[in-house]
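Just dropping this structure here.
Note that the chains are named A, B, C, D, E and F in the order they appear, and that numbering of residues resets to 1 at the start of each chain.
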Amino acid sequence: MTFQFNSLQEMWAMAGHGPYVWTAVLVSVAVLCWLLAKPIMQHRQALKSIARNLQRDGGQLDKEQPKKKNQSTPVSEDNK
Amino acid sequence: MASGRSWNWFHRMGSPRWFYETTGRWLPWLWVLTLALMITGLVWGLAFAPQDAKQGNSFRIIYLHVPASFLALAGYYIMAIAGAVGLIWKMKLSYMVMKSAAPIGAALTFLALFTGAVWGKPTWGTYWVWDARITSMLILLFLYLGVLALQYAFHSREAGNKASAILALVGTVNIPIIYKSVDWWYTLHQPATIKLTSAPSMHPDMFQPLLVMILALYSFYALALILFTRAEILQRESKTGWVRELAQQAHPAQSAGVTK
Amino acid sequence: MPILWHNVPRKNNQIAEKSLPTESLLTVDELAYERDDCNVFNPINLVVEAGDILQIEGANGAGKTTLMRLLTSALQQTSGSIAYQGQSIAQCRYEYLADILYIGHQSGTKMGLSPAENLRWMSPASTSKADITHALENLGLAGYTDVPCYSLSAGQHRRVALARLATSQAKIWYLDEPFTAIDKQGVKAIEKQLQNHAEQGGAVVLSTHQDLALDTVRKYSIEAHADRGALQ
Amino acid sequence: MMGASGGFSAYVRRDLLLAYRRRGEAASPIIFFLLVSTLIPLGVSPDSARLAELAPGIIWVMALLATLLSTESLFASDYQDGSLEQMLITPQLLVLPVLGKVTAHWLVTGLPLTLVSPVIGVMLSLPTAGTVPMMASLALGTACLSLIGAVGAALTVSLRKGGLLLSVLVIPLYMPVIIFGSASVQSAIDGLNWFGPLAVLGAMLSAAIVLCPLAIAGALRLVSNN
Amino acid sequence: MMGASGGFSAYVRRDLLLAYRRRGEAASPIIFFLLVSTLIPLGVSPDSARLAELAPGIIWVMALLATLLSTESLFASDYQDGSLEQMLITPQLLVLPVLGKVTAHWLVTGLPLTLVSPVIGVMLSLPTAGTVPMMASLALGTACLSLIGAVGAALTVSLRKGGLLLSVLVIPLYMPVIIFGSASVQSAIDGLNWFGPLAVLGAMLSAAIVLCPLAIAGALRLVSNN
Amino acid sequence: MPILWHNVPRKNNQIAEKSLPTESLLTVDELAYERDDCNVFNPINLVVEAGDILQIEGANGAGKTTLMRLLTSALQQTSGSIAYQGQSIAQCRYEYLADILYIGHQSGTKMGLSPAENLRWMSPASTSKADITHALENLGLAGYTDVPCYSLSAGQHRRVALARLATSQAKIWYLDEPFTAIDKQGVKAIEKQLQNHAEQGGAVVLSTHQDLALDTVRKYSIEAHADRGALQ
């Protein structure tokens, strides 16, 4: 197994095919990264908004009654 | 009844919480595996694999193109099976998996098309030809987009799930038909001037990195699917105790702020 | 097919069978329905006997329409059971459906057809032409039997749907706000029809916010589930 | 209740009556077919030799679009006026009324399209060898299209405004039909055996008759409820 | 009453909001455009030389159909839920809300179609010389199509189920647009002057902006008068 | 434009001007409407003063909705005149339209938008966000302000349309069967709103088949024209 190019520049150029190969690589990497980043962001946001809702309900974590009734609290309070 | 116990595993697996906790344990390993395979495969393929006699360096796109194409196709079946399980056994988790599989599959199909098109320019001199396989890949993209569009068109989560599950199933019946008919159409209309399989047997030096990349994408697929599903679980189960507990652990400061 | 698309109720029907001796027309037991993981109303228990007129009461959004649609099997309950003459309606689905009549908020009349055509289409095959004309005329639609429904007023349109009551051979009538847009005389005429039906051994389940002028009406109050408050 | 009206033929009859009441509209698929076929020469080329090459494909694409457009309203008005709800509670297997509605739909769109297609063939200079295969393939193919389209219509029925969404769901599923449909016409023009593709269309139709009503019934039950 | 909501921009904003709420659907014209464009090679021929000849015409016909399909719902849902009646009694000139609605329609159909057309150009092997004229002519032309289509939509609105009838009314009116639209692309490919046909399109658009809203407003008033 | 699309009423407005001294808000004089050469109702004469609550009564199909649509200028009368503050409404069309509010059988709410968005859109530009929330909450829609309207029950949906009453600045309210699908508490709340509006110098013209619990209501009975009977 040998490095196929004499220099990094040469590898970037790929004997004229560089633009094609590297667009393919960059777009692929971008799409794959997006596919991982998106759920991670969603996960974080979900945790955050659940925590915020809990806080709005009075900060009590009630394991016994997960479906505790919540007297409708004004929505405007939660943007702290 | 005896069968009662043997179905236990099935029901346990259907529990979002079980899924969340189990996959939580797998995740670190999957991350390591995916990144290792991906980096190895890419560096090997882009820098160390010998260049193709006919196509030169442009052939290196194969290391992205072929794995993406494989997973795009396999992903559809995963999505459809998840949908079927959801419809038949009314399993919530299964719908969540289906919903997660749709964007991943669509993105990979897009990648297969994109890398193929970019590859086509240096090799065939054009970005696009109406080849049988390419056409059926395009149709696959449309099927994915249909499932996605349907999912988001409904306000009610349940209705969206059921509708897209039915569509995915109908699509599954159609994929082989589509593939066969497009294949037949192509041979009917025009002699095979361009063959995707340029070389029937690949040199092992070229093939080994390809194998690594295929494995890398499988592992990536599993990782992405699990991540998407976990995010979905959190959103849907936000009213259950265990998710609330998780949220509070993750953001203790916010929850504590109230008592002051 | 039906097995594929319908939950078989989770409770087995021993309970329903036990209740056979009482021979209730309809027995609803701990009926609950979830929409997006959220209960619509508190579990419902009720019994409808032949001869009953049952008025479902409840504030707007309490779940009256949802209940009606569950009872007619247009929706599938999340838990609980509905038994018809002691047998779960999932088991005797077609017998049950043949014995009920449902008129909802949307009445199912076709705008492009005339009242007579609509009624012909919605009535049992055995209904004669004279019966149909008669049913329409009784509801004040004489002279309107052959105009297209889209040139009717709101109340006339509703009357076309209600004319089904006269031609129907169903035992149980489910009527969701039947009096919408109907004038006072119309309301009286329909009330009388309900009473006749009950006296002949049928049963009526209806939801309306108006007070009925009938004295034999039983009432059932339905309440939104506490969950629903929490969601919003 | 609903007596015979729950069955197959009752629904066929009712939908035919409704179509008859709106004759002006019922004729629209044909007029659409004719009109769009005249757009093609305007947009592309009036040269008859070139049109002849395109004719089989164009005719099939236009037939597909005409069917698609009319599929949209298959369940929509039933949903809005509450008769879909009544259909769901007829004391019969749901597939019967469903098949009835699809049959009526084919009778007012696919069948007239098939009958009028020779005219368009002439307008687009389709070689005469292609006429019979075209009619045969359109007859079988439009029935497939109606069945597949109905699945899409059932899935989008509660979305109120699903015209384009429906196309997106359904067109990918239409692709095999159009391939074999236009192939059979093309083969006949080229003097090849055109029964092969036609037989495939027939097979697809049989499969669709069995499977699509199930999918439609399932979609109506599960999705129209929310 | 209705304050500012009766005006032009309020209607633009509301209709954009509605489209945004149904994103899945708002993207549909584009996907439809892409999908139908793939039908052509399947039906006609995958040969790129032949496709290149057809490309300008096909792209224009498909853009026309995509606009047409989405035009249908322009006033239909407003009619059904009573907001059309409210629009008729706004204390302003009726042309303002009408123009607002048409503008919003173009923003969610014609504009995206124009932007996505180069992709279809590539798929149908459109020579690169045609790309810019195609986009320019589509931008002007789809605006014309939206305006003309709205006249048809207004006329058919009271018929409840006017999808195909609308096409029949409107397609003949679309013909000049498609002729000049595809002509400008074709001229560019053939190396001729393509500004001429484009200028004609521009003139048609100006006329349409002035006249169509009047016709639409008139049609809406007449129709509601029953 | 408006001249093009509207019949100028055939009577000249001298009569309307004569009635100026009385300063009635709305004067309807010998109003008639023909549909397909057939009069819908007997000519209508009525006067609405500031502070009036006028209930239009009549059997189904008598022509209440038709009258409402004539009054709001959505339909054009065949003969007779409608004058607003002494001036024909064809002459002062935009002033008049700016001063009225109409809620018909179909309420004009968009199913895809939320109640808050719908109300925002249907209210005067000056309405603040708080006003909108307040109006919805007053009608029992707290917690439903941001769900799409198609997931509301029939009565909740109607309440969204009626919430316009609270944000409106119109002088005359035209309400066609406002109480459809509304529960009893809702009816009371709305009746109170009507009364407040009347007390503050506004006027209400409404059609409903239910009896109102207000004592200040004037009634106007409308009758189908004799022609119509003859036709059928």
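Note that contacts are C-beta pairs under 8 Å (C-beta built on N, C-alpha and C of every residue); 3 or more make two chains touch, one makes a residue touch a chain.
Since the structure is predicted, the reported quantities are computational estimates derived from the model, not experimental observations.
J.: What is the graph distance from subunit B to subunit F, where chains are linked when they touch?
T.: Steps on the shortest route: 1.
J.: If you list every residue number at the subunit C and subunit F contact, are more than half found on both copies (same) or fewer than half (different)?
T.: Comparing the two copies, subunit C and subunit F contact each other through largely the same residue numbers, since over half are shared.
J.: Express in whole angstrom the distance between the two chain centres, defined as the mean CA positions of subunit B and subunit C.
T.: Roughly 47 Å, centre to centre.
J.: Per the centroid of Cα atoms for each chain, what is the distance between subunit B and subunit E, given in Å?
T.: 36
J.: Between subunit C and subunit E, what is the separation of their C-alpha centroids in Å?
T.: Roughly 45 Å, centre to centre.
J.: Please list all residues of subunit D that touch 2 or more other chains.
T.: As it turns out, subunit D has residues touching two or more other chains at 22, 77, 80, 159-162, 165, 168, 171-172, 175, 179, 218, 222, 225-226.
J.: So which bits of subunit F are touching at least two other chains?
T.: Each of 105, 111-112, 142-143, 147-148, 150 in subunit F touches at least two other chains.
J.: Pull out every residue in subunit B that's touching 2 or more other chains.
T.: 87, 139, 142, 145, 149-150, 153, 156, 158, 182, 185, 239
J.: Help me check something: in the complex, which residues belonging to subunit F touch subunit C?
T.: Subunit F reaches subunit C through residues 58-61, 64-65, 105, 140, 142-144, 147, 152-156, 159, 177, 180-187, 209-210, 229, 231-232.
J.: Within the complex, which stretch of subunit B touches subunit D?
T.: 87, 139, 142-143, 145-146, 149-150, 153-154, 156, 158-159, 162-163, 166-167, 169-171, 173-174, 177-178, 180-182, 184-185, 188
J.: What part of subunit F is in contact with subunit B in the complex they form?
T.: Of all residues in subunit F, those touching subunit B are 147-148, 150-151.
J.: What residues on subunit C touch subunit B, complex-wise?
T.: My answer: residues 4, 7, 35-37, 230.
J.: Considering the complex alone, what residue numbers of subunit E touch subunit F?
T.: For subunit E paired with subunit F, touching residues are 1-5, 10, 14, 17-18, 21-22, 77, 80-83, 85-86, 88-95, 214, 217-218, 221-222, 224-226.
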